[in-house]
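Data block below; observations after.
Letters are used for the chains, namely A, B, C, D, E and F, taken in the order the chains are written, and counting of residues starts over at 1 for each.
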Amino acid sequence: MTLIREMSSGSEFVGFYLLREFEVKQTNGTPAKDYFDIVLCDASGQLSAKYWDVSPAEKSLFAPMGLVKVQGVVQLYREKLQIKVNRIRLAVEQDGVAIADFIKAAPIAAADLVHTIQRTASEIADAELRGLVDYCLAKVGDKLSHYPAAKTHHHNYYSGLAYHTVRMLEIGDFICRQRPFLNADLLRAGILLHDIAKTEELTASLGIVSEYSLQGRLIGHIALASTWVTEAALKLGIPADSPKVVALQHLILSHHNLGEWGSPVQPQTAEAIALHYIDSLDAKLQMAEDALGALPEGEAWTPMIRGLENKAIYRTVF
Amino acid sequence: MTLIREMSSGSEFVGFYLLREFEVKQTNGTPAKDYFDIVLCDASGQLSAKYWDVSPAEKSLFAPMGLVKVQGVVQLYREKLQIKVNRIRLAVEQDGVAIADFIKAAPIAAADLVHTIQRTASEIADAELRGLVDYCLAKVGDKLSHYPAAKTHHHNYYSGLAYHTVRMLEIGDFICRQRPFLNADLLRAGILLHDIAKTEELTASLGIVSEYSLQGRLIGHIALASTWVTEAALKLGIPADSPKVVALQHLILSHHNLGEWGSPVQPQTAEAIALHYIDSLDAKLQMAEDALGALPEGEAWTPMIRGLENKAIYRTVF
Amino acid sequence: MTLIREMSSGSEFVGFYLLREFEVKQTNGTPAKDYFDIVLCDASGQLSAKYWDVSPAEKSLFAPMGLVKVQGVVQLYREKLQIKVNRIRLAVEQDGVAIADFIKAAPIAAADLVHTIQRTASEIADAELRGLVDYCLAKVGDKLSHYPAAKTHHHNYYSGLAYHTVRMLEIGDFICRQRPFLNADLLRAGILLHDIAKTEELTASLGIVSEYSLQGRLIGHIALASTWVTEAALKLGIPADSPKVVALQHLILSHHNLGEWGSPVQPQTAEAIALHYIDSLDAKLQMAEDALGALPEGEAWTPMIRGLENKAIYRTVF
Amino acid sequence: MTLIREMSSGSEFVGFYLLREFEVKQTNGTPAKDYFDIVLCDASGQLSAKYWDVSPAEKSLFAPMGLVKVQGVVQLYREKLQIKVNRIRLAVEQDGVAIADFIKAAPIAAADLVHTIQRTASEIADAELRGLVDYCLAKVGDKLSHYPAAKTHHHNYYSGLAYHTVRMLEIGDFICRQRPFLNADLLRAGILLHDIAKTEELTASLGIVSEYSLQGRLIGHIALASTWVTEAALKLGIPADSPKVVALQHLILSHHNLGEWGSPVQPQTAEAIALHYIDSLDAKLQMAEDALGALPEGEAWTPMIRGLENKAIYRTVF
Amino acid sequence: MTLIREMSSGSEFVGFYLLREFEVKQTNGTPAKDYFDIVLCDASGQLSAKYWDVSPAEKSLFAPMGLVKVQGVVQLYREKLQIKVNRIRLAVEQDGVAIADFIKAAPIAAADLVHTIQRTASEIADAELRGLVDYCLAKVGDKLSHYPAAKTHHHNYYSGLAYHTVRMLEIGDFICRQRPFLNADLLRAGILLHDIAKTEELTASLGIVSEYSLQGRLIGHIALASTWVTEAALKLGIPADSPKVVALQHLILSHHNLGEWGSPVQPQTAEAIALHYIDSLDAKLQMAEDALGALPEGEAWTPMIRGLENKAIYRTVF
Amino acid sequence: MTLIREMSSGSEFVGFYLLREFEVKQTNGTPAKDYFDIVLCDASGQLSAKYWDVSPAEKSLFAPMGLVKVQGVVQLYREKLQIKVNRIRLAVEQDGVAIADFIKAAPIAAADLVHTIQRTASEIADAELRGLVDYCLAKVGDKLSHYPAAKTHHHNYYSGLAYHTVRMLEIGDFICRQRPFLNADLLRAGILLHDIAKTEELTASLGIVSEYSLQGRLIGHIALASTWVTEAALKLGIPADSPKVVALQHLILSHHNLGEWGSPVQPQTAEAIALHYIDSLDAKLQMAEDALGALPEGEAWTPMIRGLENKAIYRTVF
């Protein structure tokens, strides 16, 4: 089976893919004819595709996010690769294919990531901080295991949010050992909750974001997570103006560092400073790692990456 | 009695003033001698003052924010007027002076402003929005009547916050009549709550801000008010993600318009746009009106005003 | 007759429309064939259209801004609706259609707007200010009644400029009642003239801007209006450096507030501050109102709007 | 006689100086005593000075911008040199000193500079452009010969404006010879008028700016000069919208290049681009030359210079 | 023979052109057919072209940067002119055409430019500066004669770099005569070397840049040229920290003036200030001159030019 | 002995201190009298001090950076603590005090830091990278052990540069273990050399920077270190354009991330991204740690810190 990342102009193939986007459109000709304007993906990447010879019966068979078997050929169209589908059908049980194999996911299993997150939360020594964190994790429920961390920016895949969180926890623990004056409980709580409201800001399925929610657009994950901490404090009977609650909200609110990047206040505790730079370090390196990982063998430069000051990244090889 | 605003170099005076700031310091000479480094104010303005011949008994008599009777002379020191105090004593009951007469205050009585605010809140037709507003107003309690709206920026005096709110309500009502498509309930609720958490952000007495609180510095009045709405919704049993709650929080969160001005999200409803510009219009005009009002007769230009792009304002006279 | 705003993919229609843009082009095929690349509009919106089967005789019949009768079908082309014209002919007198019915216009009749503007000008108490305003209004002549206020930004339709001016006058009168220290004559004069040179900056017909004029590009409406005041002062025998002339020019020159927004000086009188924020309030709310008004039933978000920090606007409904 | 630039801590001197600033103040002691707070200058620089033992008779003898004979001593006060005046008297005719010898001035005589300017204006081939320039030069009158080009920024001395203009004309002529496609008449007219309204923006005497005028603050020299061209066109019967008038106004309006630097429009003709960079080149180099010229022998770095990105300049010597 | 700049829709032509870009692509149809997607240019401009009826034999005949004879027709495609090639063949010796006639080049012969550059270098009086300059010029070798100064920004043609350098030398000499305090040797050396590493930053042929080199992207011509001066100093035995070496590196490093424009340090010598503004003056005027030169007869406005604040330039004609 | 950090207004003390700054000045009185304007420091902090009763003999005894014994009293002067010295003498051998005990230094011994740095350099597997690093470390010599990393910003004390480097190496090693795709050799080399030229940019003694050098001001440590790599490559016979040399220079040149922060190129390799954020993380946290460490017991907020967005830092305690 041909991986999407390995397709090149002219290659013919048969294989299973995920129907990431699906729309029935009509040609401009007279009479107008139906065709499928679709996006196929697997764990290695995605390509847009057209299926021209649609029969009326086929129109109602497909829907986005389903698995399909496709026979097609790859063509160049306006400088980009595009698939011309010759045959397409839904995958059935006997095909023995599973959606999980066709989506991009973090390199560590979701269950392991969630386990690490919950263990870390349980190890927060301060009972009130631990209570606040547990409340918010519980509120998120199952989304913790599979949500991406962003629509396109970074960690935009299955379990991306949990993976980003776990990696940051590792760095945070290292920095706390290096600098014992830091409040490790607070930094851990901040890392665990800094992006937690992305589960509400984004509408996602299988690690793929389809849109921003109303709360996501009108409130944003930063202010939203701050209200969750208030809610947790109320439910747990912790005064909303206690230094612990305030310090934790401060970490969340300031973690984008500057107003123009979305933070209504700027970091004013050592833990807030640590959180911001650990977040940047992990997110930026992941963007570079993912872009280099997707680079075809033999190429030296990735495409331009918005989150990296719109720069292309060079693969260091020597 | 000489108003502070009318004092000029060389004038001698006797009168009652508010001891806005008070500190005992020591001269550099040998032996060092105690002196009072103080700020005197009345409703017309304020001046720093020195009292050099402090007796040991006097040192413990005074405290900030008390009324005092002063005999002194005005001098020029480093280009600025300064009072040399010759005699000073605490005001006593028989003097018949009241603190309220010595502080700068909004031109409308506090009780009237609070009445207008509460009446407006009670006229919000939507029961849930009305409940959210009432909850927050009740939470603020007495501070609503006397808090200033800022430390130095604008409406920085007794009842400044209430005055700013009432004026904005007037403009808001006019705009809603002009443009009926606007949701008047929502805009009113947004005006009533947009600066409500300044009562927690600032520590103030008699309309004078002494400092920012911990919550003020680490969370800020914008994100803080947003958590109050969440709290209100929880207490009232309104779902935190209902469009009403979200739209009201959006008004609060976006009312500074841009990230660099402190808003984590930008206005995305017509009411949020209205709120921001009504707020700016009222605050900026008040800065100009106050600065021109404090301008000595015959002068054409105010000092530079930070909140007005650091420009001086010219008195238009013809 | 189908309104353009109500057209959807696949719908067939017959009706009258305004030929907003018209060009004869040639296909790429061999031999190349003529076709019409046009834009059709009515008061509800506009769509691009193609007419493929052009006969030689038809090529010279049409011109931009004429009314036509069209029989066609709506198609999707590159994600956007486009009209495929089957038949097209010029409207004739017997059709009983009038251009005025096919263009977007302010919701108040042009004559009423002009009347309000002229009455307000005549009520300016100060004879010299009144003279300066009258001179500039007279200079503009008929354009006052129908010019738009911008190419795309805001009030970009028939009588848009007059409508914007009248609405601002209403707000200005309200603010002057609220704050009597403001010079109402000066503020009115400023509102009347602040955008007056848009009639020279833009080349417009029927409320639709086709291009910027040479003066518009090399001088701009702000500096241009300032020279008109000088011209008026010279003609009326008012010294160009009299405080009235200077204050009025200042209002015009500073009304965009910041240098990066096109104002060579920043507001330095209370009236200039009022003018800027009244202008912003009215223009921004109009953008939101127009965008929401054009939103199809059932949709919640407008497209992104450049003049509103490039944000989409959410329709507040509850 | 000791030049001010050569004074160092501890040096005693007798000499004639210009009384650049003069104010009678009072000491803080009891009883307060009068003293003179003054600034003395000569062509080499300036220093602040105090005269403590003022007799009542002396108080009314002096005024700013008069020549005085001073006997004093130089002291260090708060890291800066300051003169302690022991004796001071007005200069009298018999002293044989002339104000012109005590002020900083351009290195070329005012009359020569004015002659060059007028000759250049007369050589503009295009009669209309020449007329516009002549009108504005005539309007300025005598100020052309002695006005500075700025308060502190650059060319802030006697004939500074004329000197800056003449130097720019030289560079402009060179560039026009190098690039014949440029319209030399237009560029010359632009150079002659680009800063001409500084004569109205600033209030200056002997090359020293005391303040900005009302027009200077509310309109600014850029928009002001643009209105002068309109005035000239009206008087000369040239249509205000003729390309020549518009192009000349464009040069003036755009010569600061960016909105944040004060230009309401950006350069859009080759001549406007040339004008901006010739202006920058001459102004910036003059700042560097003046700062290096004022640098004491043996020092390598000037103070920080606001107009040069707030950088100090290093004297290149090898 | 039809110049590319003179082609208009519908015109048929036969002539010689340079094959600036060449790629074999395939149509979307079934079966897919080969076609040439090419760019043809001559000294007057360039146009994209398609050749549809490619025979298998033709596919291997062509390569970028070769001369070809073309018979074709000009068509409009998506608002832009495009050539439909009917016949194409390689130019042969007998055709008597030379590549040099088909590329855009500086208006002065390369040999003359190089001669001026080398003569100027040899006239630098200071032996060490002269040595540093000579070393760098020698390092560049032949590229000095033909390299462009940029990919698209300015002087983007054959000998563009040398032409830019020579013009700047002329202005520099003029300014040094006008201001004798400037170190003419240093300024000349700075002009000669400021863009010298563009020969390594860019990969160019016949004045056309194909891409940025690895050094160009990771180091940039500014820091790169600075290391060349270090290399030269080491080879010539001049201490790397001698004021001459440092001052010359400073000119190179600071010539973009601001950090956001690529300079790690800002100008801090008079010569560095001169260099920056001379560079800007020459580059900006050249952009305007080239854009106006390419403007078809009768048009008044060039396209928008990125390097000129993204403004279009108006042709001043009167 | 009283630590400077523990001094408060009114406390009298005797002890040894380092004479960090020393100047003889004169009072303004008549006759002027000599006094010492000095700064005393120990490892805990510094205070300015005055010694008024200077005898002629004493004037020549002292010099900056010597150890002195002082008897004095602490006073408040203009809101700040200041020492009034009653007696002062040079420390002598018998006093048994060592300069090293009076200066602020990294918490790890210089020898240990240097050892770690050299061991890390020797463990770079790639021989060429190792050679480049070794060359630069050798060039710096002894300064490596004691130089600060900045004048005031961060790590501004004895061994500050080495301490910063070692801490970054620790983080770098952790990140390379976390993300094996990173080139650990290259990142280590980048960390070792990124600030290496601060030893030339700054003039420092005992960890205290007195000024910036000529190279520091005109070239800066970023471009300077890049030339050192070129020099190393030349000496070691490694081509200056080899990918290793280029990649290492890229790390140095881009480590400030943005042009406005001093980097002429932006990070374009994963290792360059890692370097920038590791550098920020370590520097910012050190600023916070040092400021909190210097905060008197019982205080919650540090002064504003320029390098931390000019924010004060709150001590998290719960």
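What we mean here is this: contacts are C-beta pairs under 8 Å (C-beta built on N, C-alpha and C of every residue); 3 or more make two chains touch, one makes a residue touch a chain.
Just so we're clear, the structure is a prediction, and the values are computed from it rather than from any experiment.
At the interface between chain A and chain E, two copies of one sequence, fewer than half of the residue numbers in use are shared by both copies.
Among the other chains, the CA centroid farthest from that of chain E is the one of B. Distance from the chain C centre to the chain E centre is 43 Å, each centre being the mean of its Cα atoms.
In chain A, the positions touching at least two other chains are 214, 217-218, 243, 247, 258, 268-269, 314.
Chain pairs that touch, as defined above: A-B, A-C, A-E, A-F, B-C, B-D, B-F, C-D, C-E, D-E, D-F, E-F.
Within the complex formed with chain E, the residues of chain C that make contact are 25-26, 28, 30, 32, 214, 217-218. Against chain B, in their complex, chain F makes its touches with residues 9-10, 75-77, 84, 300, 314. By the touch criterion stated above, chain D contacts chain C in their complex at residues 200, 214-215, 217-220, 222-223, 226-227, 229-231, 234, 240-241, 243, 246-247, 249-250, 253, 258-265, 268-269. Within the complex formed with chain F, the chain A residues making contact are 126, 167, 170-171, 174-175, 178-179, 181-183, 186, 243-244, 247, 257-258, 266-271, 273-274, 277-278, 280-281, 284-285, 288-289, 292-293, 308-309, 311-318.
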